[in-house]
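Shared between the two complexes below is chain A, which has chain B as its partner in the first and chain C in the second.
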Partner chain A sequence: MLQTSPAAPQSAELPKPILQLVGIRKTFGAFTAVENIDLDVREGEFLTIVGPSGSGKTTLLRMLAGMDTPSEGNITLHGQLINDVPPNKRPTCLVFQSLALFPHKSVGENIAFPLKVKGVDPAARKARALELMRVVRLPESYFDKNVMKCSGGERQRVALARALAYDPEVLFFDEPLSAIDYKLKKTLEKELKDLHRETGKTFIYITHSLEEAMVMSDRIGVMRAGRIVQIGTPEEIYGAPVDRFVCEFVGEVNTLKVTRGPDGAWQGVDVPGTFTLAPPRSGADLKEAFVVVRPEFMRILGPGESADNRLEGVVYNEYSLGSRIQYQVRVGAKVMLVELSRGRALPASADRKVTLGWDAADAFTLES
Partner chain B sequence: MADLAIAPAREAAPESTAQLRHARMLSVGARCALPVALLLGIGFLAPLVAIFGYAFATPRSFDVFTSFTLANFATLFDTTNTVWLSFFWSCGLALLTVAILAVIAYPIAYGLNLVFGRWSALISVFFVFPLFVSENVRLYGWVLFFIKNGVLDGTLKWLGLSGGPEVLYTPGITLFGMVYTYLPFMLFPMTLGLALVPRDLVDAARDLGAGRLFIWREIELPLAMPGILIGMLLTFVLAIGATAEAKILGGQSIIVISHDIEIAFTYSQNWPLGSALAVLVTFFIGALTLFALSKLDLDRMLGRR
Partner chain C sequence: MGHRRTNAAIWTWTLFVLVAIYLPIVCGALASFNKSRYFGFPIKTYSTEWWQKTLDSIEIGMIVKTSISIALLVTVFSVVIATFGALAFARYEWKGRRFYQKLILLPIFFPQPVLGLAMLLGFNAVGIQTSWMTAVFAHMIWIVPVVTLVIAIQVYGFDPSLEEAAYDLGCSRTQVFREVTLPLLWPGIWSGMLFAFLLSWSNFPLSLYTTGADSTIPEWLYAKMVAGYTPMVPALGTMATLGAAGLLLAGGLIGLLLRRRAAA
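Right, the complex of A and B next:
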C-alpha cells in the first residue's frame, strides 16, 4: 500500500487565502510591468498596494480584475484558477480611477446597472439602489439626478454603490481618491474603512499615497519596478522598513551612508564622524550601510543633553507643517531635516548653529 | 520694456487715428467675419433670393421680381403632377440609403477605432480616395462594370459562364450607387462618434457582469449616437438631393426630385416652376434638418449637461 504523505500542518491552521497569486509576471513586448509576484490575499482583509507611478500596481490590479491576463503565473480565487476568466464572469469588481460612471445614465441607473445585467425587475432594482445609496450616504433625491451633475465626492459614492450592487466577493480600487481635495479625501478614506468593516468584503486598494494606505489598510504591500518589496501591517511598514525605498516612501527621511572603519567603528561617508548603529534586522555583517533617521526622531540638543549620535549644523530654513515645524539643517554638504512640535520650536533669536542628535534605537540600519 | 517695443507703432499712427476710430465701430470679430460674410452673401444668399424670386414669377417667363403669382405652386400641388412620385422616390431612396449605410458603416467604424490598429489610417485613406475622382466618372465606372459585355458580364462569359445579371437601369442599382457614393459621409462621423466612447466605460460595464450585446445596447450605442445621428442626417440630406445615380446607373428608370428641377430649368425652360419646386424641397429638407438638430442635443448626449 502506498504511503500518503501527511498534509502540511500549517495549512490547517491558517485560513485559506481568498485570492492567491503565484509567480505572476506580465510583459508588454520587451517591457516587464510586473515581475514574479507571490501574494496571498486573506478573506475580508483591506490590502493596499502602494508604489510610485510605473511600479506596475495598476497592471497587477487589471490582472486581478480580469482585464489583462498574466504572461506567467497563476491567479486562484478560492483555489480555482481564474487566469483566463473574463471580468464579467468573476465575482470581483473594480472601482476605476476615472470612476467610469455612465454619463448618459442617472445616479440610480448607474447604481442599478449590474442588477439590470442580472435581469432583476425594475422595482427590485430601484429598491436595492436606494438601499445602497443609504449605505454610501447619498440622499434619496439623487436617484434621478444626472450623474455628471454630481460633485467629485458624490461621484465616488455612486461608483462605490454601483460596485456594491454587483455584490462582489473582492472589491478592487484603482486610486479612486486621487482627484479629490484633501479634506474630502480624509472623510472618504474613513467612510471606506467603515464600509469595509460593515460589508466584511475583501478590499484591494491601489494608491501612490502611503498616507492613504496607512489610514485604511490591514496590510500594505509596497511595490517598486514590478515587484513587491515589502508587505506587512502599517506598523511594520512604518516601524521596520526593509530598505531606503520603503523608508522614503513613508515620508521625508534623513539618510547617511556609513562604512566600517579599520577599527570596526561606523564612519560617515558624506559627513565626518563616528556613529553608533543598531544592528541591521537581517543580522548580516555589513561593510557598508545606510542610517535612516525620520525627521521626527531627530532632536536638537540643548546644553547638557546627550544622544548616541551627534552632528553639528546650521539651520538655514524652516517650514510650518501646522502642528509641527520642520527645520532644514546644513551639515557639511548634507541637508538634514528635523521636525519639532510647535511647543518645542526654536526661539526666533536662537543661535542658528545647532547640535543634532539621535539615538541608535530610533534609526534604521539598512543594507540598501 | 513692453512700452518701448510698441512705441514706434504709436508714433506712426497719429494721422490715421481718426480712421482707426471709425473702423473700431465694427468690433474685431465683425471685421474678421467680413470676408466670409461677403462670400456667403454673394455665393449663397443671392442665388437663394433669386430662386425665391423666380418661384413667384409668371410661369415660363423670366419676369423675376416684377411679377407675383402663386401659379407655379398651384401647378406643383396638383396631385396628378408627377413631381410627387419623384419626391417619394427621392425620400424613399434616401431613407433606404441611410438605413443600409448605418448597417454597413458601423462595423467599419468599429474596426477603424478598435480592430485595425495602425492600419486604420491606411484603410481610412481607401475610403477617402474615391472622393478625389468626380462622382460622375466613378458612376460611369460602375456602368462599365455592370454593362452587357462589360467587366463583370464579359469576364463571366469569357470564363464560359452564362454572363452577369442585368442590373443596370433599375431602381436597385440606383440605390446601390447612392450607398456607394455616400459611404464616407456616414463612415467618418460614425467613426468619430465611436471614438468618443471612453473604453473605461466598456471595461467597467464588462466588469459589472455585462456581456457584449448588453454593453453595445446600453453603453456603446447611446454614447456613439451623436456621431451616428450626424452621419445619418448628412447622408439623408445629400441623398435626397442626389440625381447622378438615378440618371447614370438608373438610366432614368426612375425620376428623382432633383432631376425634375433640372428638367424644369433646362428642357422645359420653365425657370419659375423649377424655382418653386426647389423652394419647396429646400424648405422641406431645411425644416427636417432643423427639427433633427433641435432633437440632437450633443451636450446632453455626451453627459456634459
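Right, the complex of A and C next:
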C-alpha cells in the first residue's frame, strides 16, 4: 500500500528514473524482510529511506548494492535487469555502517583501492586519490597515514573518497553517521549534501533518524515492517503524513481517538468533548479516526483567545528543550504535550489549570 | 601495607613457577656438558665433547633432517587446510556448521598414544608401509584442529564487511582473497604455522607408532634413554629446545610486525 503524496509533482519534467524497483520482496526462511516494494529512483536525486531497526531498510539497500538477491520482483538500472548482477559488476557503491576501511592499508591506499583493482597505474592512482582527498577535505599529508589512526570524521571522509574513486553512478549509504557525535554529524550531513550537489550523482541513504533525512534529502521514504509507507519530499512527510506511524516518526505527537456521534459530530473516545476536524485526506467517510496534533501546534489559550477545539487540563511537568519548553498536561486520563517558545513560557506563578486549544487546519485526521 | 604484600606474593609465585619450569631444562643442559658418560650430579668435569660428537654424528643428522621434513610438511599442509576450514566455520553460515566446529576439536582430546596405535593399525590394514611420510599424516590429525582454532580466532576478529566492501569496489573473488582476506589473516596464519611446526617438532607418541623405520628427535631421545645413554641425549635435547626457542622468538617478532601492520 504504497501511497504517493498527492502534492508530488508528476513525471513529465522530472529526471528519468535511474533505478526502478518493481514488486521487490525478500524472505529469509519464514521471515519476510521486504514486502512488495515499488520504487523509482530519479537520476541525481538524494533519496533517504528511514525506518526503525528491523523495518527492512538495510535488506533493501543490500539488494540494490547486489549483496542480496530479491526473492521476487525486478530491479532495473537504466532499464536493464540487474537482479543477479554481482556487486563488483554494478556501477554502484555502498558506504558501510562500519565504513569497512581496510586496516592494513594507508589512507591513500584505501582511496586508490578501486583504481588499483581496475589496473590503473600507480602514478595516476595517486594523482586521483589526492584529488579526491581535496574533494572530501582531507589534508594531503594524510596520504600515508594509517587509517586506524584517523578520527571518526576523517574515516568518514576516507570512506567517501574511496567510494567516489570507484566512480559509481549511484552511491548507497548505510547509516554511516550513526556512531558520530552530534556536532560533527551536523557538519558531515551538510558536507554530504554539498558533495551530492557537486558530483551530481544519485545518492540513496538509509537511516533511522528522520532528522538526518530531513536535512539532506530531496525525497524521503518511510519504511515500516518491510514496506514503504510513504514517500515524498521532507515537507510532505512533515506536513502531510499518511498515518500515525509516519507522524510519530517525525517526533512526539498528541493522538486522540474519535468516533462519529449520532448527530455526525466527532466525539472524543479517551477525552470528553466534541471536535471540529479537517476531513481526512483520503476523503473517505470514516466512522472512527485519529486526530494527531504536533506539540508545536498545540496552544495554551489565554482569556479571550479562541480555537476550533478546546481541552481543559492541568500542567504537571515541564521540560526545557533549549529554545523551547515542553509542558505535559493531564487531560482526564490522557497526557497532552505542548511546546512553547521560551519567550511565551507560562509564568511560574500561573495557574496550573490551563485550557488547550488547536485549530482544525493544524491537525491531521488519519484513518490509522 | 596490603599493596606491598600483594606485590611480594606475586613475585614469589612468579619466581617459583619459573624455577619449577626451567630447572629441569637447565639440568638437562648441564648434563650435556658432563665429561663423564654417565648421568649424575654434581658434575665433576665439564666438557663440550658430547656436543661436538652430537654435531658430528651422521645418524643424528639424519634424524634431525627427518624431524625437520615432517615438521615443515605438516606446517604447510595444516595451515592450508586450517585456513580454509577456519574461514568455512567462522565466516559462512551453513547446515552442520556448529557440528563441524565441535567435531574438528575432538582429536585434540583423544589420547595421542591410542590415536597413534589406531593409525598404525589403519595403515597396516590398507597396506601402507609406514615411514616419516605417514607420520606427516598422523601429526596432521592432531595438529590441524589446533591450527584451525588459532586461525579461527583471527577470522572472528575481522569485520566481514571488509570483504564485501572490496567485492563492491570491483574486486573479483580471488582479488578479495589476495587483497583483503589473506593480509588480514596473516598474523593468525603465522601463529598457526609456528604452532604446527613446534607441535610436530616435539611430538613423540604419534611418531612412535607411525614413522616406521624412520626416527624423529623425540623418538631417538626416548630410545637412547631406555638403552644406551650418553650425554648426547641431553645435548640433542638441548639443541632441539634451543632451536624451537629460537624459532619461536623469531616467529614472535615477525608476528608482532605483521600484527602491527595489519591492525595498528
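Please note the rule applied: the second predicted complex is superposed on the first by the 353 of 368 C-alpha atoms of A that agree within 3 Å, B and C clash if a C-alpha of one lies under 4 Å from a C-alpha of the other, contacts with A are read in each partner's own complex, and residues count from 1 in each chain.
Please note the rule applied: a residue touches a chain if its C-beta (ideal position, glycine included) is under 8 Å from a C-beta of that chain, and two chains touch if they have at least 3 such contacts.
Remember, predicted model here, so these are calculated numbers, not experimental data.
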{"item": "Partners on chain A (chain B, chain C) - clash or fit", "value": "clash"}
{"item": "Chain B versus chain C as contact partner of A:Leu81, first or second or both or neither", "value": "neither"}
{"item": "First, second, both or neither for A:Leu94, with chain B first and chain C second", "value": "both"}
{"item": "Contacts of A:Val147 with chain B and chain C, given as first, second, both or neither", "value": "first"}
{"item": "Which superposed partner A:Val117 touches (first chain B, second chain C, both, neither)", "value": "both"}
{"item": "Which of chain B and chain C A:Ala240 touches, first, second, both or neither", "value": "neither"}
{"item": "Set of chain A residues, in rising order, touched by both chain B and chain C", "value": "65-67, 86-88, 92-94, 96, 98, 100, 102-104, 113-114, 117-118, 146, 148, 162-163, 166"}
{"item": "Residue ranges of chain A touching chain B (in the complex, touch as defined)", "value": "65-67, 86-88, 92-94, 96, 98, 100, 102-104, 113-114, 116-118, 146-148, 162-163, 165-166"}
{"item": "Residues of chain B that touch chain A when the two form their complex", "value": "198, 200-201, 203-211, 214, 218-219, 222-223, 301-305"}
{"item": "Chain C - residues contacting chain A, complex", "value": "158-159, 161-162, 164-172, 175, 179-180, 183-184, 261-264"}
{"item": "Touching residues on chain A, where the partner in the complex is chain C", "value": "65-67, 86-88, 92-94, 96-98, 100, 102-104, 113-114, 117-118, 146, 148-149, 162-163, 166"}
